[in-house]
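We call the chains A, B, C and D, going by the order they appear; numbering starts again at 1 in every chain.
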Amino acid sequence: MFGDYSLSDLGAIFAMQGFAGLILFSVFLLMALGLAIIFGQMGVINMAHGEFMILGAYVTWLTSNFFQAHLPALFGGYFFVAMVLAFFASGALGMLVEWGLIRHLYKRPLDTLLATWGLSLILQQCYRSIFGAREVGVDLPQWMLGSFQVTDAIQIPINGVFVMVLTILITCAVAYILYWSRWGRQVRAVVQNRVMAGAVGINTEKVDRYTFALGCGVAGVAGSAFTMIGSTGPTSGQLYIVDTFLVVVFGGAASLLGTIASAFTISQAQSTLEFFLSGSMAKVITLLAIVGILMLRPQGLFALKVRK
Amino acid sequence: MPIGHLQKDFLLAVEGLTVSFDGFKAVNNLSFYVDENEIRVIIGPNGAGKTTVLDLICGKTKASSGSIQFRGKELTKLKENDIVQAGIGRKFQTPSIYDDLTVFENLEISYPRGRSVFGALTFNRDSAVRERVQEVAEMVFLKDRLGMTADLLSHGQKQWLEIGMLLIQDPDLLMLDEPVAGMSVSERVKTAELLNRIIKGRSVLVIEHDMKFVEDIAHKVTVLHQGQVLAEGSMESVKANPKVVEVYLGH
Amino acid sequence: MFDTPRFANRSELLGIAVLAVLLLVILPLSLDVFRLNLVAKYLTYSFVALGLVLCWGCGGILSLGQGVFFGLGGYCMAMFLKLEASSAANTKIQSTPGIPDFMDWNQLTELPFFWKPFHSLTFAIVAVLVIPAIFALIVGAAMFKRRVGGVYFAIITQAIAAILTILIVGQQGYTGGINGITDLRTLKGWDIRTDHAKFILYFVEVGCLFVCIFAAQFIRHSKLGRILVAMRDKEDRVRFSGYSVANFKIFAFCAAAVLASIGGALFTLEVGFMSPSFVGIVPSIEMVIYTAVGGRMSILGAVYGTLIVNAAKTSFSESFPQLWLLGLGALFIAVVLAFPNGLAGIWRDLIQPRLDRFSRSPKPDAQWSQPMADKAPAE
Amino acid sequence: MTDEIDRDPPSPLRRKLLMGMAAAPMMGMLTRASFADVPATSAVNTTGLAVTDTDVTVGILHSITGTMAISETGSVEAEKLAISQINAAGGVLGRQIKFIQEDGASDWPTFAEKAKKLLVENKCAAVFGCWTSASRKAVLPVFEQYNGMLYYPTFYEGLEQSKNVIYTGQEATQQILAGLNWINTTKDAKTFYLLGSDYIWPRTSNKIARKHIENHLTGCKVVGEEYFPLGDTQFNSVINKIKLTKPDVIYAIIVGGSNVAFYKQLKAAGIDLSKQLLLTISVTEDEIDGIGGENIAGAYACMKYFQSLDNANNKAFVPAFKAMWGEKTVIGDVTQAAYLGPNLWKLTAEKAGSFDIDKIAAASPGVEFKGAPEGYVRIHENHHLWSRTRVGRARADGQYDVVFETPDLVEPNPFPKGYQ
């Protein structure tokens, strides 16, 4: 298929294709980070993860409307405000859900799956009742549209770069919180031995609640960022859920590094396959490969061998 | 200890056994031998690798290197259920019984018949099964609890139930991980009595911290420290061993 | 005292009898054919729920891909019916008469090789029973031998459901794509669309259901059933009692797959088409909730749970569709939080004791198998 | 949604069934024709449909929950508007239209179940509904078996014709051929890249487009054809392929949430739709709402109706729609086609002088609706509509500028020779 093209054309395409893979990687990672916290650290299977993301997207939409109506001069910067709001909105909902639902189910992980599935149905219907059944279009500030012209043939989408930078920042923040902060140590202590952590004076309830809220908040930011590349509707969240879980599981649930590596592997595989095959087949082959590898290595890519 | 391979027919021969978890050698080049009808107690400070040794023998953990031979059969390559069928029974540290089933059903499941899928599907609770269950239940002091859900038993009764489940399997080598931990004094006495009764005709490998209990039952004691054998011999000789004293008091 | 009932204990026999009266007498007499056909449609899901009781309730293996097996069974049956409906005479306006219409639209000029055996009803029925079993065997063996379990198994089955959906939708020349296989008309010349046929099919289905209930009861009350429960509790203990845990899990998973597949095949007969919307994740999870509502350990509960949830869904959604979704979501949460044993648990904990007090009859074995379900399983 | 005219409920059961159903504004009753003009029920209804001396019941069957609710909401709104307008003008054959709305829940078997209910239990004289091909395929056997009448609003792939269905949207050749001819002649486009969501409508439409491009447009060729799973949101790879092949025209039939992702990513990748030709048949004003006007401005869409259409009918229709459903709602091609359904049914019933399904089916060919917002439509022998095809160019405000319209009505041809 490359016979007819000049070398420089091909070079440009490979550069952009590599970049497309990187954007997909950022998207996957951003989707998966929140879940990596909730599922990886807490063992809770949050099937409503997509709906938390969409909450972030709706918050972004509301913020953009507010800025358009009341602060048109500051519209260029509304996105940053929106992301912060999305974080807190999804985080707050997360806290509420943890309090009302999740904390009763820590000993029954499979049941969290069913309960959060119910939650996702409720949230979808709420979005539909509140925001309408149609999709909403989020207007982006002008500077986020378009692309950098690197050479004649290579264009780098600005919003792609934005998502990548955002992903790097959030990943670093999450890594810092989980692995270097005092609070992160408490989280891991609670995960490893709830009773003991409680006995040494860690407020396990609070740690649970804030961990869950953090995961949901990160999902909200992800949803906010995805308004740049995807749709915002009551059921949009469902599009992400299978991919997200596979990324986390494939990486080895408890390992942040694993999540990063698995997002990278899956995104590169899919993006490359998409270039050579049709979109549908690329998806099927990627999923099959993941399932196959998980069967061979059920603990995921990066799992510690632990003594039980 | 040299790996002198004596041509004596040991029941269990563990040689050069090593396992490492991410570089940490929980068991390091360990060798020991158990005779027919011997009661061997393994003692050692926390983290010495005692439970890991049992895990390795029964297949729960795979060895990094070394061999475990049971009646001349290499166990390190076998699956857990095949190891059991070869004649090894294992009791876990915390009572591992089926909370949702009755005492009768708990014992029945361990009855060594109908272990394949279709065997289990067509398994018939005939008089042989019932008699054997009654017999074992009597041995482990649970005769009048047969219809009760196992969940409702006391801690000590759960330990006995698990021992009963092993008895009904009738293994040649019985491995017990802290069988009297968490028991009251009277339960402890009863358990010692029980063990003394059931060891007839089989070998037993016990992990225990309770020195009084160890002295009561042990033929031979192996002291583990940092995954290796520190000392081995009769209880008296081990107690007199300065290295053992150092390890125990040093901690 | 310790005689196992081979199929059912007294209270279960009573439950089966009540169900038989309900399905064979009360519903057919009180409902018109349209509503009876709806009941028949719900009952096809209860086959899936039966399988889930064995595999999830007893064995602790949560599969979120039961739709795959429901779909496989349904498609096997639909392929046979479609071929019968696509006789050369019926399809003479096509560019290639004698092949299903969707193939013609996709420029296929010849019947694909894997469709050919489905000219035979016998083959189709065998396929309904065997293909899902083989598929479950492959998936189950690959996973359980590697000790993939719990959450991971659930997520992987979900991924499998996603893969199969994309494949069916994408290969529309061979599968009918997103439309599914529609416009099925006759079974060996017998028009399955008439009211009379629907009526007869209903009874055929109820017959199949009772056969499956008895089979499930047999498994449940065999030692294998107890091993499944034991495995859910303490997998290691079972392993160290000399059982190959993987084989038992594979068996439970295969049994659930075959039950789901029978349900799917009957669905195709009752409804007259099969579509990939059943293969996906959403219906698979909904079927889990039917089981949970009925009581995940209770075989009869699964049937009642399926009937009740679906009846509620239909009647609510006719008037308040929005409310229904909220209601379904709330039901999921309520069942998980407050009634982990579902209807069966409510019956046992609240209703039966009162009945017993009422009748004051001694009931030596009525409680026989109940202790198993006493508490929510801790996975 | 529950303001109903139900003055004389026949039975409590029936009343229950009608709960949740909406009906026309009260003024409908005031302007009703005098009773003398109303033909007797026994004359207009010989087959036991739900027709009384004062009213006639129809069904509305769309997804209002699930993924398809996004698309189908507009159709429900249009059908309700049409019904209320007809009622206000005196109803059909002197009878007010009552409707029962059912939710297909984006699930095809549910559509079949609800269709059956509407026909068997409610005896609806007509049903307005369905959106996706899959839902129509699921209900078609039901309508044929129980002899109902379905008015189906969506543009679709063709290859179907039924006595029991009136297709008020365009079939594929109507929608596709004129647009390709136009872009070939006016823009001198020679190479086409075909894209689609992976299901029957995009695949069949692209097949027709490919045959037309290869066999009927001289010197033109297809340089790529790609399909994506429904709901896919990642298009960067295919966008790179497009950049590599540099087609004159991107021919896109992507639907649902994927649409939004596709156009946003296209824009972000620096493909400027004011320079790169893009022709779509799947993006109506409804979809632009979700995509965002600035992301798709410059693209061409080929269909039969745009909200900005400049004719007297449309100038009455758009304000009426907005008055009923809000100033911000937009009207897309399918919404307009859904509006035709009740009107065509009314005209047909009046022509036939009966509600009987067989008489409606027989009377349908030739029925003209001169008040159609799209201008003028007429039912063809094959139960599809004669209609004009138009090309619009998307503006940043989410509307289309109509840049081309076929001079004559295009004949519907659901089984096009040479395109199969």
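In this section, a residue touches a chain if its C-beta (ideal position, glycine included) is under 8 Å from a C-beta of that chain, and two chains touch if they have at least 3 such contacts.
Bear in mind the structure is a predicted one, so any value in this text is a computation, not a measurement.
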Using the contact definition given at the top, which chains are in touch with both subunit C and subunit D?
A
Reference subunit D; chain at largest CA-centroid distance
B
Averaged over CA atoms, how far is the centre of subunit B from the centre of subunit C? Could you give it in whole Å?
43
In angstrom, rounded to a whole number, how far apart do the mean CA points of subunit A and subunit B lie?
48
Centroid of subunit A to centroid of subunit C, CA atoms only: how many Å?
34
If you average the CA atoms of subunit B and of subunit D, how many Å lie between those two points?
74
Going by residue number, subunit A touches two or more other chains at 125, 128, 280, 283
Which positions in subunit C touch two or more other chains at once?
166, 169-170, 322, 325, 377
Any idea which subunit D residues touch subunit A in the complex?
64-67, 69-70, 73-74, 198, 226-229, 231-234, 236-241, 243-244, 256-261, 264-265, 267-270, 286-295, 398
Which residues of subunit C touch subunit D in their complex?
32, 34, 37-38, 41, 93, 95, 101-102, 104-107, 166, 169-170, 172, 177-180, 182-183, 193, 271-273, 275, 277-278, 314, 317-322, 324-325
For subunit A, which residues count as touching subunit D in their complex?
5, 9, 13, 16-17, 19-20, 23-24, 27, 125, 128, 132-140, 145-147, 149, 153, 155, 157-160, 228-236, 238-239, 270-271, 274-275, 278-280, 282-283
Could you list, by residue number, the parts of subunit D that touch subunit C in their complex?
16-17, 19-20, 64-65, 102-103, 105, 107-109, 112-113, 116-117, 120-121, 132-134, 137-138, 140-141, 145, 157, 159, 198-200, 203-204, 207, 227, 229-230, 415, 420
For the complex, which residues does subunit C have touching subunit A?
62, 64, 142-143, 146-148, 150-152, 154-156, 158-160, 162-163, 166-167, 169-170, 281, 285, 288-289, 292, 322, 325-326, 328-333, 335-337, 340, 376-379
